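In the two complexes that follow, chain A is the common piece, with chain B as its partner first and chain C second.
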Partner chain A sequence: MNYSSSFTYVFDNFDKLLQGLWITLQLTIAANIIGIVFGFLLSLLAISKFRLIRWPAQLYIEFFRCTPVLLQVIWFFYCLPIIFDIYLDPVPMGVLALGLNLMAFNAEAYRSGVQAIPREQLDACVALSLNPFQKNLYVILPQAFRIALPVLITNGISILQQSSLVAIVSVADLMYEGKLLATDSYRPFETYSIVALIYLAMALPIGQMVSWIERRQERTLHS
Partner chain B sequence: MTVIEKSSPVQARSTILSIKNVSKCFSENLIVMDNFSLQMQEGECISIIGPSGSGKSTLLRVLMGLDTIDAGEIDFQKRLYIKGALDPRKRTLDELARRKVGMVFQHYTLFPHLSILSNLILAPVKVLKKSKSEAKEHGMRLLERFGLESKANQYPSQLSGGQKQRVAIARALMLEPKLLLLDEITSALDPEMVEEVQKVILQLAEQKMSMIVVTHDMQVAKSVASRVVFCANGKVVEQGRPDEIFKTPKEARTQEFLSKFLLNS
Partner chain C sequence: MNFDPTVVLKYWSVLLQALGFSLALTLSCAILGMLLGFIISLARTSKNRPLYWTSTLFVEIFRGTPLLIQLFWIFFCVPIIFGLSLSPLVSVVISLVLFMGATSSESFRGALKSIPKEQMDACQALGIRSMNKTLFVILPQVLLRATPPLLSNSVALFKESALVSSVGIADLMFVGQSLSNRTARPVEFLTTIAIIYFVVAFPLTRIVGNIEARFIKRFAF
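Moving on, here comes the complex of A and B:
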């Protein structure tokens, strides 16, 4: 290989990448808030005893799980304005596309968490006169959240990675800035390597957190 | 029924619970309560014994509002509490009356993510809208009474089965129930732990807490109850004072059931 690599151009324009990283983090965090909050509500709908509530929720989950994220992102950017006459800025649009996708995956994680709670505990809620809202908020959610947490974090990391797909619809995230830089500098190898390292640096500590949480749960939650 | 009315020392007290002709089936072939009737006086501790499938646990679930009934009525404190019907829309349950009924389950059902004290105060704070400090004070008093005050800030996973079950009883008492239902609460416990839970039940019985204890531990049934009710096939077969039922059962079905236990023990 007689390619002589030079990172000067990349480092000179590192602030561009940081700007992109900031957008990427915004997308990831906002999508995760949507996914974590509404994913739980969606999971409750998906296990409702009423078919008319359960079926649409399950359809939603399957739709987002069984179509490519790239397609979902593109569909949102091109079809939402056409069908619903909604014109959002690229970043909110990206948040919406990624958040709705994450909701579906998180709902599945929550569902297994909810179903792992012994039935007798739900009876105990009735015996303690807790209404369904109190039961869900104080008894089911905290436990389902703990059980689902490792999967929720894993899903969150994968949204960090998949957020790079919004670059294709001109959201100026890390991937997008990296692409610009690579084209401008004719240094794709250096640029994309650095971009990859930035994604890695973001995701790795969070991944470590998952195994730490799992170890902690092993110790405390078993009763 | 006449047995009780004749010899009952609690005649002066008022009726707290009146179960009238209650029927329930899970399917056409599975009748769990068959025209079931039972009267209970305030301050009584009734233990219900009988073979599995005799409808004892179902009775408690019905009284707690966890299961519905197909026919019959249940009065609680002399007012209609539950009305059964085949058509779910015609069934009724008095929610406010239900708050005065408490239940403890076989598998403790403490909430594992909450500390012992938090388990106790959850319902009083959220349901009765008591202040946290008031509820905590009440909770600590109960824990002290059951010798568990040192466990207040621990989590259920750190407690033994017997301790968990005593906490579960304390949690049910936090809502100051007028009727306490205990469903097989000693059957998941080691023998020595049975004793500590049994002591708590006795303590409550002495304080004239109205209780229904469903159990297949005859020792528990005998020691805590003021009246023993033997059920089979969803009906009351025989009832009376513990010594009557255990020493001189009248019905053949009761004799047969108890003889199995005597052989086993």
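Moving on, here comes the complex of A and C:
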């Protein structure tokens, strides 16, 4: 091992990495908003009484959960313009692909949250003559959200990591800028290590937060 | 647009071969990764501080960074730093094994935690050596309880293995993409490989659910 590392080139071009980081954050946050909001709606569809609603929703969830995210991203970038004649900028397209993926994973998380709500409450909703909209919004959603929260956040972090895949279709995110910098500088070790550290610095505190929330939930469940 | 799924049929043997490669890669990396994961999970319960911290750091790094960057890091950096020349296949196998090791160690850890403390006390009372305790008391129970999460880790690895295409390994993803470029028919080919991945992964996730529901609950809980 006689490699002398030099980080000067990476630090000189750190603003490039920061620009990439900004795109990565935009992708992650926007995809999470889509995933958290529409994931709940999708989970309601997936447990609907009507097969015609339930089956397509379940098929959607399973299809996104059982195919590689890389393939989904590439499919959206190559096939969506051809099939539907939709031309989006790279970042919105990335948000769409990642958001639709996260929707499927979050719907599963919400579903177990919804199913954890005691049957009696649903009877109580009937007794109180709440309409379905009120029932879902005021009774089911708050509780399902609380139960699903740790998984929702964990899914959110994995979307942060999966967002690096858009680099393969040349969206200028953190991974893409890192790749460019590594090739330009002939310093892959320094560049990729720094990029990995940036991802880690974002994922670690959020992961800690998840275990904190889980511990708190366990305590409230036992008391 | 003119959608013509028949163009795919001409290449079915190539796609099948690529699927076989993806499956073989996943299976071997999953098995090696699980072995590594079991060792790491034991290291993380160890009272030896340096052992505990190195294993925890390892898991956090590999779970906290994108697999893509791990692949690139090992592909480009290991040869430079250690002066080793790795073939592309070896370098992606190493990445996938380390990644699987980190994720499966968490599954093992969850299973380890679920073993009641009393059993450890019982082992001490019976004078069972720590080697035998690990092998005959802990391992069988942990294996049984960790089976469902390990299977879903393996299915996840199958999906993640598509990333090796980005360093030029000819797996299903790579072959599908290059065929779609060569024939200029991305819709047909990309959709087909998506369906292939789905057809392989979906039944496996169902099996995981079934095992969880029937088999494990009967024997381990």
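Just a few scattered comments:
Just so it is clear, the second predicted complex is superposed on the first by the 219 of 223 C-alpha atoms of A that agree within 3 Å, B and C clash if a C-alpha of one lies under 4 Å from a C-alpha of the other, contacts with A are read in each partner's own complex, and residues count from 1 in each chain.
As a working rule, a residue touches a chain if its C-beta (ideal position, glycine included) is under 8 Å from a C-beta of that chain, and two chains touch if they have at least 3 such contacts.
What you see is a predicted model; the values in this text were computed from it and never measured.
Of the two partners chain B and chain C, more residues of chain A are touched by C. Contacts of A:33 after superposition on the shared chain: neither chain B nor chain C is touched.
In the superposition on chain A, no contact is made by A:18 with either chain B or chain C.
Of the two partner chains placed by the overlay, only chain B lies in contact with A:118; chain C stays clear of it. In the superposed model, A:86 lies in contact with neither chain B nor chain C. Judged by the touch definition given at the top, the superposed model places A:143 against chain B, while chain C stays out of reach. In the superposed pair of complexes, A:66 makes contact with chain C only, with no contact to chain B. Residue overlap on chain A between its contacts with chain B in one complex and with chain C in the other: absent.
Contact residues on chain A toward chain B in their complex (touch as defined above): 118, 120-121, 123-124, 126-131, 134, 138-139, 142-143, 146, 220-223. Listed in rising order, the residues of chain C touching chain A in the complex are 1, 3, 60-61, 63-70, 72-73, 76-77, 80-83, 155, 159-163, 165-166, 173, 177, 180, 186-187, 190-191, 193-194, 197-198, 201-202, 205.
Chain contact summary for the complex, chain A toward chain C: residues 1-3, 62-63, 65-72, 74-75, 78-79, 82-83, 161-162, 164-165, 167-168, 175, 178-179, 182, 188-189, 192-193, 195-196, 199-200, 203-204, 207. Only residues 61, 64-66, 98-99, 101-103, 105-107, 109-113, 122-123, 126-127, 155-157, 164, 171-172, 175 of chain B touch chain A when the two sit together in their complex.
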